[in-house]
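First subunit A sits with subunit B, and in the next complex the same chain sits with subunit C.
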Partner chain A sequence: MGTYLFYFLIYPGFLFAAVIGAFLSWFDRKITAGVQFRKGPPLLQPFYDFFKLLLVKETILPARGAKGLFLAAPIFAVFGATMAGVFILLPLMNITTGFQGDLIVIFYLLTIPSLSYVMGALASGNPLAAVGGSREMKLIMSYELTFLLVMAGVIIKSGQSINLYQIIQVQQAGTPFIGSLSGVLLFIVAIFCLQAKLAMVPFDMPEAETEICGGIFIEYSGTPYAMIKLSKYMSLFILPAFIVAILMKGFTLEGINILWAVLKLVAVVLLLTLIRNTNPRVKIKQAIRFFFIWMNLLAVIAIVLAIFGL
Partner chain B sequence: MSFKSYCFKKSLWLFHFGGASCNNCDIEILDCLTPKYDVERFGMVLVGSVRHADVLLVNGSINKKDKPRLLEIYEQASKPVVVVAIGACGCTGGIFAEGNTFAGPVDKIIPVDAYIPGCPPKPEAILAGIVKLLGKI
Partner chain C sequence: MSKQTLIPIGPYHPLQEEPELFKLYCDGEIVKDVKWETGYNHRGIEKLSEKKSYDEVFFLVERVCGICSTSHPFAFANSVEEIGNVEITNRAKYIRSIIGELERIHSHLLWVGLAGHFLGYNTVFMWAWKYREPVLDLFEMISGNRNSYAMFKIGGVRRDIENNKIPAIEEVLSLVKKKTDLLVGAVMDDPVIHARTKGVGVLTKEDILHFAAVGPTARASGVDVDVRRDDPYAAYPMVNWKVITAQAGDVFAKAEVRLLEMYESISIIEQCLDGLKKEKEGDIDVKVKHIPEGYGLGRAEAPRGEVFHFVVSDGSNSPVRHKIRAPSYTNISTFKKSCVGQSISDATISLAAVDPCYCCTERLAVALDRNSGKRIMNAKEIIEHSTQITNRLLKNV
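For the complex of A and B:
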């Protein structure tokens, strides 16, 4: 029991994921600043933001809205991100071997943060939040199938294994999946799914600051908003870590390999940041079409190639 | 200085309220976000919703239509929130002060923490004002 609590709360769960995620969020902002020829925020900026929201700011509840659900939604989001983080990071950090079928559990847990943002937005009773919530729902529906296809491709490549630890083992015994043609296609599709899951710029229409003023988060302030920030930091760590696990051989945490692991993670985040900085926001209709037609097509081609062992 | 106020000082999020201005101050405020001045160095970002704001930048003269809106915005902000009046119009009313529709400079309507005069104030002046404000909090 004690070990499980330790796994959940400290390493590799809540605390670890939050701290690494906060640093990655700083990295994302710094690279963004670099792309725009700015200097960018200081290293501890995500922590200042979080503690300011948590400790200093007042929490305002919407007058017309479901207050309980409004407050519960950020907690669900943090919980979902933490659980997904634990199940991804335990096999990835080589701590335990996970269990049979944990890939499916992770898939569902990764949806919880986005779903709870939608719940919170709809509970707040704000029309702009409702617009954002409906966009987020459509976005979830469009990328979720694609993400499932990516996982199907990975399962086929790993020889019908639905255990994350075995998938990593298969790659460490042979070559990483990204080293083949179908692996590259799966990686491209997965990166775009991540972009949508993290609501980064080509797919940030649920938040769309210039259009609907923060959208789904418009009514959040103070502590609940700090929770939302926290779940975003954690997602920024666990989703790239998941991609590293299923396609890029996972981590080996000994000696010089630690540096290699960090580089892999940072490279994925860097790619996400560069995509976010070089693309304009698309309309929700375009995003749905992009995922339903093009990304699904690419994923299906990758699966067919994987069946033929390419 | 306590940990709380240190964090607050390090992460001020800005919300821009443009009253009935001649639109020049708005542009100077946006200048502060450009690569040359880059207020994100100080942890400041422009936010879209006033619920997230720590600093309310008010510029332009406040006329009769703006007044209830400014009050509403101020009440909707989660406290503590710092109000900065920018430009001659924000501080005193400037060239609009004797107009028919003028409803008082910003500090008659909501409490103001810092004044940045100028018509329009240079981005350097806005930054200087903000740095002074950081010392005050």
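For the complex of A and C:
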């Protein structure tokens, strides 16, 4: 019991994922600043942001909203991100071997943060948040199927394994999945899914600051908003880590390989950041079409290729 | 009728840098109707102007708009010089045009950046504003101010652009030209920008004529109007340039017109600088001792469209009536056409596409009885009254 609590709260769960995620968030902002000829924030800025919201800023509740649900949503988001983080990171960090079928559990847990944002947005009673919530809902519906297809492709490539640890072991014994044609296609699709899951430009229409003032998060302030920030930091770590695990051979935490592990993770985040900085926001309609037609098509092609062993 | 949600844009909203309120009545994501309220920023400039001497009014009208701060003095100078029949020197004409065109470059760069920001493309925002910076530095070199240059006066300009400053200006222009190429490449060839802006907020030629829209908004719909050519002033008849138009009328066409206009502005400035080299240094103004009785119309092409100033003089040292019409005043009414039926995402970029400037636009009219000081008309009656006057005037035309 004590071990599991340690896994959940300290390493590799809540605390570890949050700290690494905060540093990755700093990296994302620093690279963005570099692209835009700005100086960028200091290394600890994500922590300053978080603790200021948590400890200093007052919490204002929407007068007409469903307050209980509104406050519960950020906690669900953090909880979902932590659980997903634990199940991804335990096999990835080579701590335990996970359990049979954990890939499916991870898939469900990864949707919890987005769903709880929608819940909180709709509970706030703000019309702008309602628009943001409906956009997020549409976005979830469009990218989840694609994300499932990516996982199906990975399962086929790994020889019908639905255990994350085994998937990593198959890659470490042979070549990483990204080394094949179908793997490259799956990686491209997965990157766009991540972009949408993290609500980064071009898929940031649920927040869309210049259209609906932050949309789903418009009513959040103080501690609840700190929780949302925390869940975002964690997502920025666990989602790229998941991609590294299922397509890029996972981590080997020995000697020089630690550097490789960090580089792989940072490379995925860098790719996300660069996509974010070289594209305008698309409309929700266009995003749905993009995932339903093009990304699904690409994923299905990848699966067919994977069946033929390419 | 289905239930409509009110999506407010304003009074304080990240989309617009000025306070104003747009009420989008939405059915789901689709905008069914749009209403707007201004009046958060009214400063009574027209009334203030009647209390100031002609020289002071220049500093006042410069503050009508922070971005196109030369177009208002330009139009005011045109109108007062029409009253007094003042003919200014060639050097002053060149300098006026140079200032006007430099301002157009920095204003269009500002708009390109903001449009990028509204689309969530912050890289374009930061890049465009970075390249706007040298233009503002140039203004500081010429006039001492980055904005509100205080260059104009009746009968000429206040400061000369000495010939030894010309190479520095040419250097900045070549830099801006290079960077404009870059921005044009980034905006015109990006398929995602095409997807976001093509066919969005379309205004047809008839709409433009119906709403009397001006400037790049009109030119993007194929309406070929430009005060610089249609009612020549300053050095514009003395140089070669062409009016840029596009046919599509959507947001993309408006961006295209503005980006291509920057090349024209650069070319105009280069020709003006060549002209400046031939004129005698320091020959920048003529002495105007008295503004006679009468009225004058002044027009100038601001970056956003035609600025119109109407000044009535009774022979004293200050105007008795000074009427200003800024381009946004007519351009804003096109929202009724461009936003309705679009999604919220498209409506917001359509709002931004006319490059609106609300503080220029704010107007207040009160009809008071001369003796008692009481209000004698409500808003509806004032509108009816002014329509009658317009109709009466139209009969005489």
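The rule is simple: the second predicted complex is superposed on the first by the 310 of 310 C-alpha atoms of A that agree within 3 Å, B and C clash if a C-alpha of one lies under 4 Å from a C-alpha of the other, contacts with A are read in each partner's own complex, and residues count from 1 in each chain.
Criterion: a residue touches a chain if its C-beta (ideal position, glycine included) is under 8 Å from a C-beta of that chain, and two chains touch if they have at least 3 such contacts.
Since the structure is predicted, the reported quantities are computational estimates derived from the model, not experimental observations.
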Partner chain in contact with A:V131 - subunit B first, subunit C second, else both or neither: second
Partner chain in contact with A:C213 - subunit B first, subunit C second, else both or neither: both
Which superposed partner A:N257 touches (first subunit B, second subunit C, both, neither): neither
Which superposed partner A:V35 touches (first subunit B, second subunit C, both, neither): second
Which of subunit B and subunit C A:T96 touches, first, second, both or neither: neither
Subunit B versus subunit C as contact partner of A:G222, first or second or both or neither: first
Contacts of A:Q172 with subunit B and subunit C, given as first, second, both or neither: neither
First, second, both or neither for A:V282, with subunit B first and subunit C second: second
On subunit A, positions contacted by subunit B and by subunit C: 36-38, 209-210, 212-213
Residue numbers on subunit B that touch subunit A, as the complex places them: 3-5, 7-8, 10-11, 35, 38, 40-41, 43, 47-49, 51-52, 54, 76, 78-80
Contact set on subunit C toward subunit A in their complex: 5-8, 13-15, 26, 28-29, 116-127, 130, 190, 192-193, 195-196, 343-346, 348
Residues of subunit A that touch subunit C when the two form their complex: 32, 35-38, 127-128, 130-131, 134-135, 201-202, 204-205, 208-213, 277-286
Touching residues (chain side subunit A, partner subunit B) in the complex: 29, 33, 36-42, 44-45, 47-49, 51-52, 55-60, 209-210, 212-214, 217-222, 225
